[in-house]
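Presented sequentially are two complexes of subunit A, the first with subunit B as partner and the second with subunit C.
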Partner chain A sequence: MSHHHVSFKDLPEGGEKFDPAKASKVIGTFGALAAIGLLGSAYYAFGTHGDTQKGFAYSWLYAIFVGFTFVAGGTFWILLHNASNSGWGVAVRRLFENLGTMALPLGILALPLLIPGVQNTLWEWFGHHRAHPGLEGLHHAAESDPHLHPLVDKYGYLNITFWTIRFVLYFGILWFISTKLRSYFLKQEADGDIKHTVYAREFACMVLLPFALTVTFAAVDWIMALDYTWFSTMWGVYHFAGCAWSSMAAMLLLVIYLQSLGYLQKVVTGEHFHLMGKLLFAFTVFWAYIAFSQYFLIWYANIPEETRFYFIRNTGVWRNVSIFIVIGHFVVPFVFLLQQQLKKSPKFIGFWAAWVIFMHFVDIYWNVIPERAHSMGLEPAPGSDTPFLPGAWVGDVLALCAVVGTIGYLYLRSLGKHSLYAWRDPRLLESANVRN
Partner chain B sequence: MAAATDTASNANAQQLVLEREPLVLNNRSFSWITNRICGIVENRQPLGWWFLFLPSVLLTGVMVFCFAYLIVTGVGVWGQKQPVDWAWDITNFVFWIGIGHAGTLISAILFLTRQKWRTSVNRAAEAMTIFAVMCAGLFPAFHVGRVWMVWFLAPIPNANAIWQNFKSPLLWDVFAVSTYFTVSLIFWFLGLVPDLATLRDRCKPGIRKALYGIFSLGWRGSNRHWSHYETAYMLLAALSTPLVLSVHSVVSFDFATSVVPGWHATIFPPYFVAGAIFGGFAMVLTLMIPVRKIYGLQDLITMKHIDNMAKIILLTGTIVGYAYCMEFFMAYYGANPFELQTFKLRALHGPSVWYYYAMFFCNVFAPQVFWFKRFRQSLLAVFIVSNFVNAGMWYERYVIIVTTLERHLTPGSWRTFDATWVDNWTFIGTFGFFMMLFLLFLRFLPVIAIGEVKGVKPEADPHYGESHDRGLQEAEVMGETDSEILASQKAAPAH
Partner chain C sequence: MSNLKRVHGYLAEFDNAQDLYHAAEHIRDAGYQRWDCHTPFPVHGLDGAMGVSRSKLPWLVFFGGMTGTITAFVLQTITQTNFWRDNMGMGFLQKLVETYPTVVQSKPTGIWTLPAFFPVMFELTILFSAFTVLFGLLALIGLPRLNHPLFTSKKFAKFSDDGFLICIEARDPKFAQQGTRDLLEKVGAKNIELVEDDI
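For the complex of A and B:
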């Protein structure tokens, strides 16, 4: 593919500033989604009671975790880009940086998860810890209820104080990493010094490990601990795969949208769509590899304390969702994303990016929601073999709208603060002229 | 380190470009590259080669003797006894299979991710892969007891109506490893074809010319040849990539599908793959640091290459460390007393704790020196650390396999493993076998992919020179497609 060779003369000084007024339709849509979602969520949280209200706690956790995967994924891609001294992505890196900084508003949206009533509903262990405070109390209670023994054993990790500290750290670390990384390039835009690129690389290398631990333990604390007896060493890797996959898809859609508004015309080409499409493909396969390995090893070994997770997802209605995930999360995108020429087409890759985001919503839903009816002790309705909380899906959708709408709205609004790409990055031309 | 160069400026602000380091130093010409690499094959070998080759042949003889002794005596000459039925043999198998991962990773995955620095090391790494897989295959083949019956592993209909257990990961291993070996061999050979033609064209008529001629398959370097070659190379790269992951994932299934505490962990597949890449790169460095010195290849295998590989070792070592810690954390968090006890025995008060410490030190702590450029730039430091990693990856497999079985679920049958002299010498012998094959490869085949390494030179870019008026050394900076690189070879003479 040949395109005009881009030189600095072709690029505007100061980069390209996004004007939110140009995108008022989409920003308005996100705002409307956020308004509807937040109002609906407020109704569910405060206007209902009993099981409906409790069930909504799961909806909110679901939505927050979806948001978290996008933000963590955005942070991952900038870390990888800087740490690997990569060049191709300079033209789109700022968009990922901005996504990572959404950790702060997301952290605020996640605050309801600190309410004791919400915690007791979502994570059974919180209730036990509050009913029997301290290690001694739990120990004592475990003598009459052997189910509590695991909580005694894992008290050093699963206790309310440590959990709360970690909760704050997860958002704080993501926000710190992405803000700090972006600040290097903002400084570079002011003074043009190449050293900021080197500093950013050094910083990215140093925070790779804290980042990996953040994603791992956030997934453990929020999702794995929904059933405090269940565990899987693969868990962190599984959710990391989802983070990278979904955020790449979201940014693909964003780049396509920005180009349709007339932005990024010079610096982003079909090559970038191809490259981002290849990474989307790579993570489609990586996710499948991780998901299969986890499922397969638990299925094969067939140990009761491990199989429960898949047991409730492989029976009844959830079985259909499981099969749908195998096909929609892996088989179909795998086949379509294989094709090289199509990955360079914004329309094609845009469609599959949207599909990926949808499937990611389904995947997280499948990870979080099946636990709800079981934890709440609901019985299947007559004629059904799967326990469900009737009508709870409305709350799930509203919560998702609230979080995705709010983050999307704030993200697009804040996009105009800085140039859309790091316009004085010493690798900008390498990125604009990339061929692969 | 990349250099900052003043280049162009638009209206007001000055713009800088961060250049990529050249992958071939001293601006060596195409003919220098051909002469230098072909010279290794065409000239007499340096004394160092013989100093390494003769002991390697001797050790290969020791290995053959040990296997022969095993055949005439029985598998009991190895130290495994209940409950340690898998001992050094499977440890060594997994160790060698792991070594065999870097080659195809460098060839396939780094090719697909357009990492051009791979070109200087991919050939040797692929050769190493093949030899390592050969060493690996020996151990399970002899562990079956009657090695002459090893063909029963293949699903061939036979008179006794004995059929394989398709539910066993051990059988999947047979398929995974043999597929990997076959594809790696084809991939290696395909890459060799243009270089074999170069050697053929430089040879005097005779047996060597005839053999290079046969194996270069009539290569003339025409545009059409290159075009087919690239397509085949790309497809093989794409096919090899899942194989790199599948082989060690299946090896990990040998353990992880079981209900043995310490073996059954869902993270095993990616953890084994990361470990294999880690160990494979360490072996590449162990071999290539002396090779570049002995044959004067410093301009082709530059400190940038060493630096990149050291960074990959740091990264994969840290991933392996993450997996060690995650296993330990889940043993604690999972609150399964047997699992936790296994890890306590491994790391705190079992009979083989020092293996665990050695593993942790070699694999997780030692590579951390690569955070510092000073160590990545010191050949001695890189060589020492890569040997720590070689050792550490062996300890890792020993820890997983032997220390787990030594303290199995029934305390009454606990028994500490002792290696016999046959165990020791068989393993040492495989190093001789491996080195012998590698030295023969150095002697008869081009150790660096001549065509590919020329392709990463700036002047291989079809647009080289056009960009000079813009004041940018872009050829090195830009990612031109490999097809363009190789097409440009047509313009350059074969040697």
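For the complex of A and C:
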């Protein structure tokens, strides 16, 4: 075997520092996307009125949730890595740590969701709560409008104060977990003590549950609650699967890009692409399993209050998107990611990682946007059977550009602050020489 | 019983896993095809050192699994829907098995009842894959068999305790009584034994 065994002599002292100037093209592209997106979003948010402005609230929620899935996914992978005491990923773990810390800027971008007008548009229950304050008020109103009964029953969870606390907690928890975990290894880079690895493991085990609750209830609060009468117990797991899937794909692309710039040459090998590709494959299957379980139970049981979600997505134009998701989100990546040799090739895995990210955008779009036209009470245009807010897709694209551009820009620049990998981690060599 | 014996090959012993690993690299580079290593525990990277190519088993399993999916799909749609009659023009299939389209919760009797059939399609995919793994593996490695020529060697039992053994078989085109022995000696083998099997 010509496989060269990497030792500490091959690795630079102090790790590899990323120089953002080298990646100025990509960082500049993200910056330009962010600028165009933010300007366009500002126009939609403040320069338009009526339905166009209201519809843009959905665009922004969509974009924020896409960003959230990537950040939560980054946090998940470092948690899993530390809690399971694994060694293979030390060479790429720092990239995930940095992705998790993007929870803070994302939280700032998400602030518009705290504006009462936006909340009343997106989540009808906010409007009802504001019109009939307090449990007593809701109870009273429910006597004349039976549709409000669920809100009375759900008052302990769905109320504005608790919702706002949770909103802050979601971003706070993700940010705290990822910064804390990264800080253990930054301390280790200063003193080289193995105890930090042990602390990180203990910490990761302790925050696994808070993390799981964060992802679950963020998805419930922001997307499921778009229709307060609808519920699905698979919801949190469904979006967790999307988080892990999309962030792994993003990090695969990043590693390939960094290698093309000359970084990570010694510590990351085809074996890492294979391992990350395997996880990508695993979550392709896991997502399909969860998505189908959720669909199957609701479709088969055929209970009116449950079927509404799939009814609006399985009729008209959205039906085509649903079928496209089944094929593009599961069948096609499944078949191609199945082969071992192909997963070791950066070109191949890079293409499928890009495809995965695209399909993830489509998946979240399909989760958030169909609700818009129905919530706003729009009728289908003549000759169509699906209601749409005309031209709203422009706002969706602009919002996505704004959030993905801003987070991508800040993220790539943040890579330069520390070494690209934990260079004094006791298992760095194990990771660099990993075979599977 | 005849007194004739058939040469099975050379069985050579090595001191440890490292010696065996490097010897395997040399034997691979010398171009031998029909040979194998026997160790008490798995040696990481030995497949690479031996130059073992990828098994064909995954391809068998892929098509085995697909057979399962298709079997489940066809069986269920023939017996429980009107898909083959209405969409494929193959109504005779349904007559053949006397089907009753199953209507549950007012589901359609066409192809769009498909989700209801997924669990069985999934299960049969797994079942057929598992069968292909097991029986394909047995076929590829030539099991079950009643005996093996290597069992005639007293030394061979050590492979499950502390022996690191390499056997180069006589049916290898490169096998030569003296040449192969020289090669094994050169790569550091101890106790080279010519294994002969009763005919």
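Here is the rule we go by: the second predicted complex is superposed on the first by the 434 of 436 C-alpha atoms of A that agree within 3 Å, B and C clash if a C-alpha of one lies under 4 Å from a C-alpha of the other, contacts with A are read in each partner's own complex, and residues count from 1 in each chain.
The criterion applied here is as follows: contacts are C-beta pairs under 8 Å (C-beta built on N, C-alpha and C of every residue); 3 or more make two chains touch, one makes a residue touch a chain.
Source: prediction; values computed, not measured.
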{"item": "Subunit A as common anchor, with subunit B and subunit C clashing or fitting", "value": "clash"}
{"item": "More subunit A residues in contact [subunit B versus subunit C]", "value": "B"}
{"item": "Which superposed partner A:Arg319 touches (first subunit B, second subunit C, both, neither)", "value": "neither"}
{"item": "Which superposed partner A:Arg435 touches (first subunit B, second subunit C, both, neither)", "value": "both"}
{"item": "Subunit B versus subunit C as contact partner of A:Tyr300, first or second or both or neither", "value": "both"}
{"item": "Partner chain in contact with A:Gln341 - subunit B first, subunit C second, else both or neither", "value": "second"}
{"item": "First, second, both or neither for A:His140, with subunit B first and subunit C second", "value": "neither"}
{"item": "Touching partner for A:Asp153 - first (subunit B), second (subunit C), both, neither", "value": "first"}
{"item": "Contacts of A:Leu11 with subunit B and subunit C, given as first, second, both or neither", "value": "first"}
{"item": "Subunit B and subunit C footprints on subunit A, overlapping residues", "value": "296, 300-302, 435"}
{"item": "Subunit B residues touching subunit A - in the complex, by the definition given at the top", "value": "4, 7-18, 20, 114, 242, 245, 249, 253, 256-259, 264-270, 318, 322-323, 326-327, 329-330, 332-336, 371, 467, 470, 472, 474, 477-481"}
{"item": "List of subunit A residues in touch with subunit C within their complex", "value": "1, 3, 292, 295-296, 299-302, 338, 340-341, 435"}
{"item": "Footprint of subunit B on subunit A - complex, ascending", "value": "5, 7-9, 11, 13, 87-88, 149-150, 153-154, 156-158, 192, 194, 197, 205, 208-209, 212, 216, 220, 229, 231-237, 285, 289-290, 293-294, 296-298, 300-303, 305, 424, 426-427, 429-430, 433-436"}
{"item": "List of subunit C residues in touch with subunit A within their complex", "value": "25, 44-45, 48-49, 54, 58, 62, 104-106, 115-116, 118-119"}
